[in-house]
Each structure stands twice: as structure tokens, then as C-alpha cells.
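These notes open a run of structures that come right after.
The following pair of complexes shares a single chain, subunit A, combined with subunit B in the former and subunit C in the latter.
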Partner chain A sequence: MGGLIEITLGIMTAVGGFVDVSEMVFAAQAGSRFIFSLIWVFAIGTIAMGIFGEMSGRVAAITKQPVFNLMRQRLDLGPGIIALIGSVVTSLITCAAEIGGTATVLKYLTGWPYPLLAGLTTLALVLVIWALPFKWIERLFGLLGLLMLVFAVSTVKIHPDWGGVARGFIPQAPVTLPMKDLVTYGYFVVAIISAVLFPYETYFYSSGGVEEEWKPKDVTVNKLVATVGFGLGSLLAISILVNAAVLFRPVHVDPSVIGTSALQAAIPFGKTGLLLALLGMVFAFSGAAVETGLSSAYSLSQFLGWEWGRLKKPHEAPRFTIAWVATFALSLVIVLTGIQPLDLVEWAVVLSIVVLPATYLPLILIANDRKYMNQYVNGPISNTLGWVFYAMICVAAVAALPLYFVTQGGKL
Partner chain B sequence: MKRKSLLLLLVLCAPSAGHAGDIDSGKLTAIRGIRTAAAEAALVVQLKQQGRVTDTYAEEMKDDAKEELESLRKQVQQKNPDLLSITQAAIDATGASDIGRLRAITNQLLAMEGPHGRAD
Partner chain C sequence: MKPNGALKLLAEVRDLQIVDKDGKNCGICDDIELEGAPGKPLKIKALLVGPGAYEGRIPKWLFWMVCKMAGSRMTRVPWSAVDKISARIFLNVTGEEVGLRKVEDRWIRKFEKVPTS
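Moving on to the complex of A and B:
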């Protein structure tokens, strides 16, 4: 029974923590601009996330090592340092985007000034991380993030063309579009893959596995959480895309501010729907801010061999503690410069996809290595899919920057 | 290999170069930005009148739309001055919560956009 509760909580946490500011922005814009034709990218990205998430959790349970430790062992120093810098920079920018996103949504709830809310948000997050044990940090934001389910309920309520939605799961390229729009479509494909596969999610998930002292017996729970939890979370992102196609496209809205997505719940459910959506966004974005802030510190500490972990008291892992507090402080500085959260999201998404190949290569290599994994080595399906998705990530990484510049961040 | 790279470069440059008689990329981006901000403002005002959103939310969203439009106005002032008057009209209509005017501006901009981005 205890195991069942553990699995249920794990899955619910994964669902509630799946959608962050970048997924919300790109899902809504994708639906509004390209109707259902980008659903398949969320589906494929989520399968990839399930495969890599499961792999990183299994490696953490068997080797007791998170991803960045493995990166240090498997990559030469040069590529390792490049991966470290890339990961820290993208985590920092993403953390700033999530804090900015949270403050923006709080502004819609309270009407208070944005800089004040950004400061209060950062302070609250630092205090929560300082005070709560790891498992409760994860659950607090994951479970309250479930308020985002109001978007999925809205989808049912607005009666979309379910046949069209189903066809969206089939990989496609709308070749009838003018060339400019086809290239923008390509940018959205890359951006969604990046948003779903953000590297911080793997760093956080595998570091969490080590923090919670997963053992070989936890491999099954890990598999369920990574596949079912991420899969259901992805359905939430897809529901935001579908709602945007049905509710925003006919009135010619391509969401350009974060708060627009909340209208997807306000249109069918009025003020109650709006408040649930806004609160869900606050917890989902701030949960992602916690994950990115800690991921940055995890990456640095693990690569440089420092003591790390939220289970340790701050004075037992001082450099780790300084690293995550500094990440939040720097993120706040970035937010207070006045850069729009949506711009930060775009930079984070483009930089992340460039870092992804270096994140996942050592992971696949270790998960395939019997010397580390014994009987828990990758099976043929996991291995084949892992390499196929790895190739997909590499192609996306090469295409990301040219597509970003040519399409002006998807605005073309 | 060189030929393939050249082909890829040509494909990627095609949108920037545009076709004869086609709208240029910078202007298209500006038109889309103004159109969506005006359309968002119209939707928010409509939902506020129907009592479906809170006053605070509606005011903050309108402020965001105006801010976005102000920033686009600075942009078009330098690069596409022919869009200046419609941008200013969108700012004024947002401030006045004039749904009819905002919808008319949206439709006018959609006509200027042409067939782009409508993946029906």
C-alpha cells in the first residue's frame, strides 16, 4: 500500500511539474499558428523524455551517481567543461525565465509591481528550499501544479475536433505552407523538442534519485514515474496547444504575453477557471525555478567534485549551498534588468538544445555499460530508442541557432 | 557535401530574401506583433465585459498589451514608418477598451499579412 501511494505521488508530482513557462508559451503559440499539426512533436519529445528520464533514474539507482558525475567520467575535460558552462548558463537563464514568469502571473492576481513580486518570489523560493526536505520540495510544487489540470478540463469542455487532434499525433510537415511559415514551423519543432527535453530536468531527476537514495528495487517505480508521469504531463501541454487552436486562432491571437494562456480556462469556466489557471501557473513555474536553480548547483558541484545535496546541512556542503543561492540571486538580477520573460524563454530553449547532446551521450553510454549497470543495462528497445532520439537531438541542435535567427525567434 | 551545404543555406536564407511582390520579413514580424497584441486586448476587454475575468487581470493584461504595442511603435518608427499610424491607433483603442476598433485594426493587419501562418 505504501508502495502504491509512493508511485501515485511520484506520478502526480511528475504530471504537475511537467509544464513550465517554455512549454506553456510554445504550446499555446504552436496551437494558435499551426492548429494541431505540432502535437506529434510533443508526443515524440515526451517519449524521448520518458526514455532518457527512466535511464537517468535507473543509472542513479544502480550506480548512485547523477548525470554530471558520469559526464565528468565519460567526457574529456574540454568537452566536459563546455557542457558544464552550457548547462550552468542555460539553467541560469531558465531559472530567470521561470521567476519572471511567476512574478508576471502573480501580477495578474494581485496588481502589485512586477519587480517587487520578482523579489518576493525569489525570497520565497530560497526559503522553501532552505527549510523543506528534498522530497517535500518536489511534492509541494508538483502537487499544487496539478491545478493546471483545469487546462485539460477546458479541452473537454470546448469540444475540439477530436479527429483533427488524433491526426495531429501523426508526424507531418505542412508542405503547402509558404516557405517563410514552413521554416517557422521547423523552428517550433526544434523549440518544442528542446522545451520538453530541457537538460535541467534530467540533472534534477537523477540528482533527486541519488538524494532519495534510490536502490535497485526502485527501478520499477522509476520506470512508472518516468513513463506514465511524463506521459500524462505531456497530455497537459497538448491540451494547452489544442485550446489555443480552438479558442485563440479564430480571434487571431498568437499569445504574445504569458497571461494570455490563462484565458483558455476563463472562456469556458469564468473567473473560477481563470484563478485556478493562474494559481496552477504560479506553482508550475516556481517549481521549475526551484528545479533549475538546484540543477545549476548540482551540475557545478558534481563536476567539480564538491560536497553536494539538499540532505546535507548547509555547512556540510557550503559550496553547493552558495551555488544554488547565487543562482537565484543572479536570476533575480537578470529579471530586474527588464528583459521580458518570453525573451528569456526563447534564449533558454535555443541554448538548451545545443547543450542536450553533451548531456545525453554519457548517459546512454553508461546505461549500456554492464561494468556499471550489471543486469540493469539498457534493454534492446530502450537502447534503440535512446540512440534514435539521440540522433534526433543532434539534428535539432545543429538546426536550432540558424532557425532561431532566420525566424527571429519564431516571430516570422 | 559543398552542394548540400549551399542548398541548405539557400533554403534558410529564402525567408529573409522573400519573393517578388512578397512582404519583407521585418515588416511581417511587426505586423504580426501589432495584430496579436490588438487581438489579445480585444479578447480581454470582451471577457471583462462578460464578467469572465477579474478587473485586476484585465487591467494588467491591457497594460501588457499597451507596453508591447509601445515597444513595437518604437521599432516601426525606424524601420516601417507606414505602420506607425495603425500602431498608434491600436494603442489608443487598447487604452479606451474599444473592442470594435481593436477588431477592425486586427482585420486590417490580417489583410496586410496575406496568407502567412494560416495552416488550414
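Moving on to the complex of A and C:
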């Protein structure tokens, strides 16, 4: 029974922690601009995330090694340092985007000045990480992030064209669109893949597995949490896309402002829906800020062999502690420069996809290495899917920067 | 695997996490120092730990950048201090005994003065 509760909580935490500011922004914009035709990208990205998430958890359980240790061993030092710098910069920008997103939503709720709210958000997150045990942090943000389920309930309430939604799951390229829109569609494909597969999620997940001392017997729980949890979380992102297609597109609302999506719950459920959506966004975004802030510290500490981990007290892993506190401090500085959270989201998404191939290559190699993994080595399905999705990520990584510049970040 | 066995040096030693006999992380094996002569067996003399050991493994411009950011210190850990090697390198001594964990321990002493840490 205890195991069942653990699995349920793990899945709920994965669902509540799945959607962050970039997924919300790109899901809403995708629905508003291209109706249901980008749903398949979320679906494929989520399968890839499930495959890589499961792999990273399994590797953590068997080898006791998190992703960044593997990255250095398998990529060699030089490429490893480049990947480290890319990863830290990406986590920093993503953390700033999440803090900016949280502050923006809090501004809607309180009316207080944005810089003050960004400062208070950062301070609160640092205090929470400092004071609370790892499990509590994960559960606090994951479970309160479940308030975002109001978006899924709204989808049911607004009665979308379910046939159209189902057809959205079939991979498609809308070749009838004018070239300008087709290129923008391509940018959204790449951006959504990046937003779903953000590398910090893998760093955080596998580091948590090592910290919690997962054992081979935890491999099944890991598989359930990674596949069911991420899958249900993705349905939440897809519901935001569907709501935007049904509610925003007909009245030409461009949800390019963080917070616009909250209206998706306000339309069917009034003030209560709006409040639930905004609170859900606060916890989902701030939970993602916690993950990115810690991921940056995990990456640095694991690459350099320092003591690390949130199960340790701050003084037991001092350089790890300095790294995550510094990430939050620098993120706040970035937010206070006045850069819009939405711009940060776009930069984070484009930089992430460039870093992704370096993140997942060592993971697939080690998960395929029988010497390390014994009977827990990749099976034929996860191996084939892993390489197929890896090829997809590489193509997306090559296309990301040109598409970003050509489409001016999807604003064409 | 025991330290007197045959090793694929680069794959099995370099870039592994070093853990001392108390289970504390002591950095990464950044490179290895070898000894030997023509006609004699090649043996590992020491593990090299610290950014100074990056020289020769990464391009000069990157090494210059690393040194500017992290310094160029390097610690030699005698091969005799190695207990066993698996996915990590386990030492049969404490990190302090072989000159590792200096920076970590300095920060630990500073952090112990911070309330609630």
C-alpha cells in the first residue's frame, strides 16, 4: 500500500510539475495560430521525454550516476566543458524566465510592482530550498501545480471538436499554408520539442534518483512515473493548446503575454476558474524555477566532482549550495534588467535544443552498455525509440537557430 | 576491479568521480600520470586532480579560460591510494590525507558559522 501511495504521489508530482512557463506560452500560441495541428508535436515530444526520463532514472538506479557524470565520461573533457557551459547558461536563462513568469502572474493577483514581486519570489524560493527537505520541495510544487488541472476541466467544459483534436495527434505538415506561415510552423515544432524536452528536467530527475538512492527494484516505479506522469502532464499542455484554439483564435487573441492563458479557465468558470488558473501557474512556474536553479548546481557539482545534493544540509555541500543560490541571484539580476519574461522563454527554448544532443547522447550510450547496466540495459524498443528521438533532436538542434532568426522568434 | 588489474586507462579511470574511504566526494580524476621506460611495463603513477590537469586534454584557448575562472591547481594522488574502481574510484585513505577536498573543507568551515545551515 505504501508503494502504491508512493507511485501515485510520484505520478501526481510529475503531472503537476510538467507544465512550465515555456510550455504554457508555446502551447497557447500554437493553438491560437495553428488550431490543433501542432498537438502531435507535444505527443511525440512527450513520448521522447518518457523514454529519456525513464532511461535517466534507470541509469541512476543501476549505476548511481547522474547525467552530468556520464556526460563528462562519454563526451570527453573538452566537449563536456562546452556542454556544461551551455547547460548552465540555459538553466540560468530558464530560471530567470520562470521567476519572471511567476512575478508576472503574482502582479495580476496583487497589483504590486513587478520588480518587488520578482525579488520576493526569488527570496521565497531560496528560503524554501534552504529550509525544506527535498521530498517536500518536490511534492509542494508538484501537488500545488495540480491546480493547473483547471485547464483540462475547461477543455471538457468548452466542448471542442474532439474529432479535430484527435486528428491533431497525427503528424502533419500544413503544406497549404503560405511559405511565411509554414516556416513559423517549423519554428513552433522545434520550440515545442525543446520546451517539452528541456534538459534541466533530466538533470533534476536523475539527480533526484541518485540522491534518493534508487535501487534496481525502483526501476518499475521509475518507468511508471516517467511514462504515466509525463504523459498525463503532457495532456495538460495539450488542453491549453486546445483551449487557445477554441477560445482565442476565433476572436484573434494572441496569447503572447504570460497570463493570457488564465482566461481559458475564466471563460467557463468565472472568477473561481481565473483564480485557480493563476495560482496553478504560480506554483507550476515557481516549481520549474526551483528545478532549473538546482539543475544548474547539480550540473556544475557533478561535472567537477564536488559534494552535492539537497538531502545534504547546506554546510555539507557548500559549493553546491553556493551554486544554486548564485543561480537564483543571477536570475533575479537578469529579470531586473527589464528583459521581458517572454523573450527569456524564447532564448531558453532555442538554447536548450542546442544543448539537448550533448545531454542525451551519453545517456543512450550508457543505457546501452551492458557492462554498466547488466540486465537493465536498454531493450530493443527503448533502444530503437531512443535513437530515433535522438536523431529528431539533432535535426531540431540544427534547425533551431536559423528558424529563430528567420521567423524573429515566431513573430512573423 | 582491483588497481593491479589490466585497465583500459582512458575509458576506465579518467573522468571518474573519486570517493574517499569515508564516502566523501573528492573531485574527478582529470588525468593520469604514467611511469615506465622502453622495454618496461607502463604503470600508472598517480591520479591528477584539478583544473591544472586539463592541459593537453582541451584546446589551449579553453584551458586559458578554465585557468582564468578556476585557477590552475593540481593534486597528485598516488596510485597506491586507490582501493578499487567501478563506476567511481574508491580511495583507501581520506581525501585530506592525499591533499584533496581542500577547497570543499574550507567552505564547510565557513558555512558552519551560518545559522540554520
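One rule holds in what follows: the second predicted complex is superposed on the first by the 412 of 412 C-alpha atoms of A that agree within 3 Å, B and C clash if a C-alpha of one lies under 4 Å from a C-alpha of the other, contacts with A are read in each partner's own complex, and residues count from 1 in each chain.
To be clear about the criterion, a residue touches a chain if its C-beta (ideal position, glycine included) is under 8 Å from a C-beta of that chain, and two chains touch if they have at least 3 such contacts.
Since we're looking at a predicted model, the values are computed, not measured.
With both complexes brought onto subunit A, simultaneous placement of subunit B and subunit C is permitted, the two fitting side by side without a clash.
Judged by the touch definition given at the top, the superposed model places A:I381 against neither subunit B nor subunit C.
When the two structures are aligned on the shared chain, A:V175 is found in touch with neither subunit B nor subunit C. The partner of subunit A that touches more of its residues, comparing subunit B with subunit C, is B.
Of the two partner chains placed around the shared chain by superposition, subunit B is the only one that A:K411 touches, whereas subunit C remains out of contact. By the document's definition of touching, of the two partners only subunit B reaches A:T184; subunit C does not. Put simply, the three-chain overlay gives an angle of 130° at subunit A, taking C-alpha centres for subunit B and subunit C and rounding to the nearest 10.
After overlaying the two complexes on the shared chain, residue contacts for A:V253 are found with subunit B alone; subunit C is out of touch. When the shared chain is aligned, subunit B comes close enough to touch A:K107, but subunit C does not. In the superposed pair of complexes, A:R72 makes contact with subunit C only, with no contact to subunit B. Once both structures are overlaid on their shared chain A, subunit B and subunit C have a minimum Cα-Cα separation of 30 Å. By the touch rule above, subunit A contacts subunit C in their complex via residues 63-65, 69, 72-73, 76-78, 80-82, 130-131, 303-308, 313-316, 318-319, 321-322, 372.
Looking at the complex, you find that subunit C touches subunit A at residues 15-18, 24-28, 30, 49, 54, 57-59, 62, 66, 87-88, 103-104, 107-108, 110-112, 114, 116-117.
Listing the residues of subunit B that touch subunit A in their complex gives 11-16, 18, 25, 28-29, 32-33, 35-37, 39-40, 42-44, 47, 51-54, 56-57, 59-61, 64-65, 68, 106, 110, 115-117, 119-120.
Contacts from subunit A toward subunit B in the complex involve residues 33-35, 37, 107-111, 174, 177-181, 183-185, 248, 251-257, 259-260, 262-263, 266-267, 270-271, 274-275, 278, 402-403, 406-408, 411-412.
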